[in-house]
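Before anything else, here is the set of structures, which you'll find just below.
Each of the next two complexes has chain A plus one other chain: chain B in the first, chain C in the second.
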Partner chain A sequence: MTVEVRIPTILRPYTQGEKTVTGAGDSLGALLADLDSRHAGLRERLVEGDQLRRFVNVYLNDEDVRFLDGLATAVADGDAVTILPAVAGG
Partner chain B sequence: MRFDSLLDSVGRTPLIGLPRLSPAADVRLWAKLEDRNPTGSVKDRAALAMIEAAERDGRLTSGCTILEPTSGNTGIALAMAARLKGYALICVMPENTSPERSQLLRMWGADIRYSAAAGGSNEAVRVAKALAAEHPEWVMLYQYGNPANAEAHYRGTGPELLADLPTITHFVAGLGTTGTLMGAGRYLREQVPGVQIVAAEPRYGELVYGLRNLDEGFVPELYDASVLTSRYSVGPRDAVRRMRELLEVEGIFAGISTGAILHAALGMAAKAVRAGERADIAFIVCDGGWKYLSTGAYEGTLDAAEDALDGQLWA
Partner chain C sequence: MIEHARRDHPDEACGIVAGPAGSDRPERFVPMANAARSPTFYEFDSMDLLRLYRDLDARDEEPVIVYHSHTATEAYPSRTDISYASEPQAHYVVVSTRECGNDEGPVELRSYRIVDGVVHEEEISLVDALPPSGAHGAPAQPIPHHPQEQLR
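Now for the complex of A and B:
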């Protein structure tokens, strides 16, 4: 099972400069733990306690996971996860 | 319809059915044409409400200078109102915005200070806050945290939608300052059990997310996630594709952010069809396409339009 994860510029030091990495896991939390095993320190930048950090947005197939099940959101083969810092509009 | 002045004509915009884009007789899409406001965007509502609230509080008095971080539409709306009411306006705007926005701001007499492209509106907010600290005599209305912004939609947009569409099941709008969704969303949730409040958030090119660290991220003070039922990120390709579809199929000439909102609205419509449920989905047309003609989004291939918008603040 493979899930593609898009990494923002600011976090690429953790992925050896890669824009996209792949990982496995049946939930978003498990996926981030799997990524952290190869990209040490990445998870800590995204997660605090059992929640996503305030200025981090994570989207599963373009939907904000905070409106799904957060870190418990189920992920499946072929899904795409996008990580972005929170920015202003207006 | 007759009004005593241009400012009195803000709001009460038409709600237009989209019979060709609606997927079924009982799953219908409705466009709220906010481009029919005096300066051509939804931001006239918030701009006027913020100015009037500051006047009531005594913060804003004759001859004052207003300062505001804006990617365009709020600044343009403030510039018109400020000119009519006798205030000066300084806008802090990211340099990666369309030239039409600068032209319009200057036309209505605003002074523009450009902030660096990297970091997008976050950087404009940072620069404006620094200027406000240096110039305590200037009045920063601060659309991201000013309750009058959301209030304009709680009192205006929300009730207008419900009056025109009592059977509303979904409200879809763009997420920038969050004012439209917070205000109209709160009103509709109070009045319509089970209504879905859906945010469409523009996903820009990498330049805009070029923060130095994650702690520079920004969540508007007005934002309350509990008002929303879902939130989607929409990239420029889907936004441009839907913006063109709206023009070709229903004849509505809208800006690029409206394409992103329509993309989310059509996603909701498809869900309702799959679930066999009826739906009346109202969405916001934020502005017309006029200000974006120079971006190349309206002609050529989608690939070319996507490339042209990379790094631009298109919403």
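Now for the complex of A and C:
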């Protein structure tokens, strides 16, 4: 199974500059672990403990995974994951 | 950007100016809603953010400017602004409406690069209009503008 993942500019140093990479896993957490095996350090930028970091948004297809099951969200062959840093400040 | 900031005062206003990827040319003004509706915080709504980036990708654009307003403090990035800054190629513009509020009056507008938590202020050049990307002919003449000068 393959899931396409869109990588934001600031994280492309982890993907040799690639804008999209592919990975596998039956949950978002497993997918990120799989990506980290080829793009070391990527997961650390997205996950803190067992949660997504506050300043990163991850979408499964058209939905924010915060409104699904977070890292436990099930992913399937052909899904598309989009990672976007929050645009926010004070 | 200034009109948007004045309109939304006392809440912070936010948005981007998009341009062709890699061009460093701010060409397309895209005001965004502040999902926080707050005088001390701004955040693009999560779904607005996804739609924005899909649109940018489809147009082969990127955020050239990311702007927001400060409504009670100077036009300098806050610690929160610095910690969230995640577009290394972007110019972060901060507009302060602390003096003018919703009205005409002095407003500060300053621009910064924020990379790896380090802030560098940069000079702003006001131009009448940018020529189309890739157009031949004379470039627009920038009007030197001191970044800390107050705009009216």
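Going forward, the second predicted complex is superposed on the first by the 87 of 90 C-alpha atoms of A that agree within 3 Å, B and C clash if a C-alpha of one lies under 4 Å from a C-alpha of the other, contacts with A are read in each partner's own complex, and residues count from 1 in each chain.
Here, a residue touches a chain if its C-beta (ideal position, glycine included) is under 8 Å from a C-beta of that chain, and two chains touch if they have at least 3 such contacts.
Since we're looking at a predicted model, the values are computed, not measured.
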Which of chain B and chain C A:R53 touches, first, second, both or neither: first
Contacts of A:P85 with chain B and chain C, given as first, second, both or neither: both
Footprint overlap on chain A, where chain B in one structure and chain C in the other make contact: 8-10, 55, 57, 59, 62, 64, 66, 82, 84-90
Residues on chain A engaged by chain C in the complex (per definition of touch): 6, 8-10, 55, 57, 59, 62, 64, 66, 82, 84-90
Complex contact set, residues of chain B against chain A: 70-71, 73-74, 119-122, 124-125, 143-144, 174-177, 179, 199, 201-204, 206, 208-220, 225, 228-234, 315
For the chain C and chain A complex, residues of the former touching the latter: 14, 16, 32, 36, 40-44, 46-47, 49-50, 53, 57, 62-63, 66, 68, 77-81, 83-89
For the chain A and chain B complex, residues of the former touching the latter: 8-11, 45, 53-57, 59, 62-64, 66-67, 82, 84-90
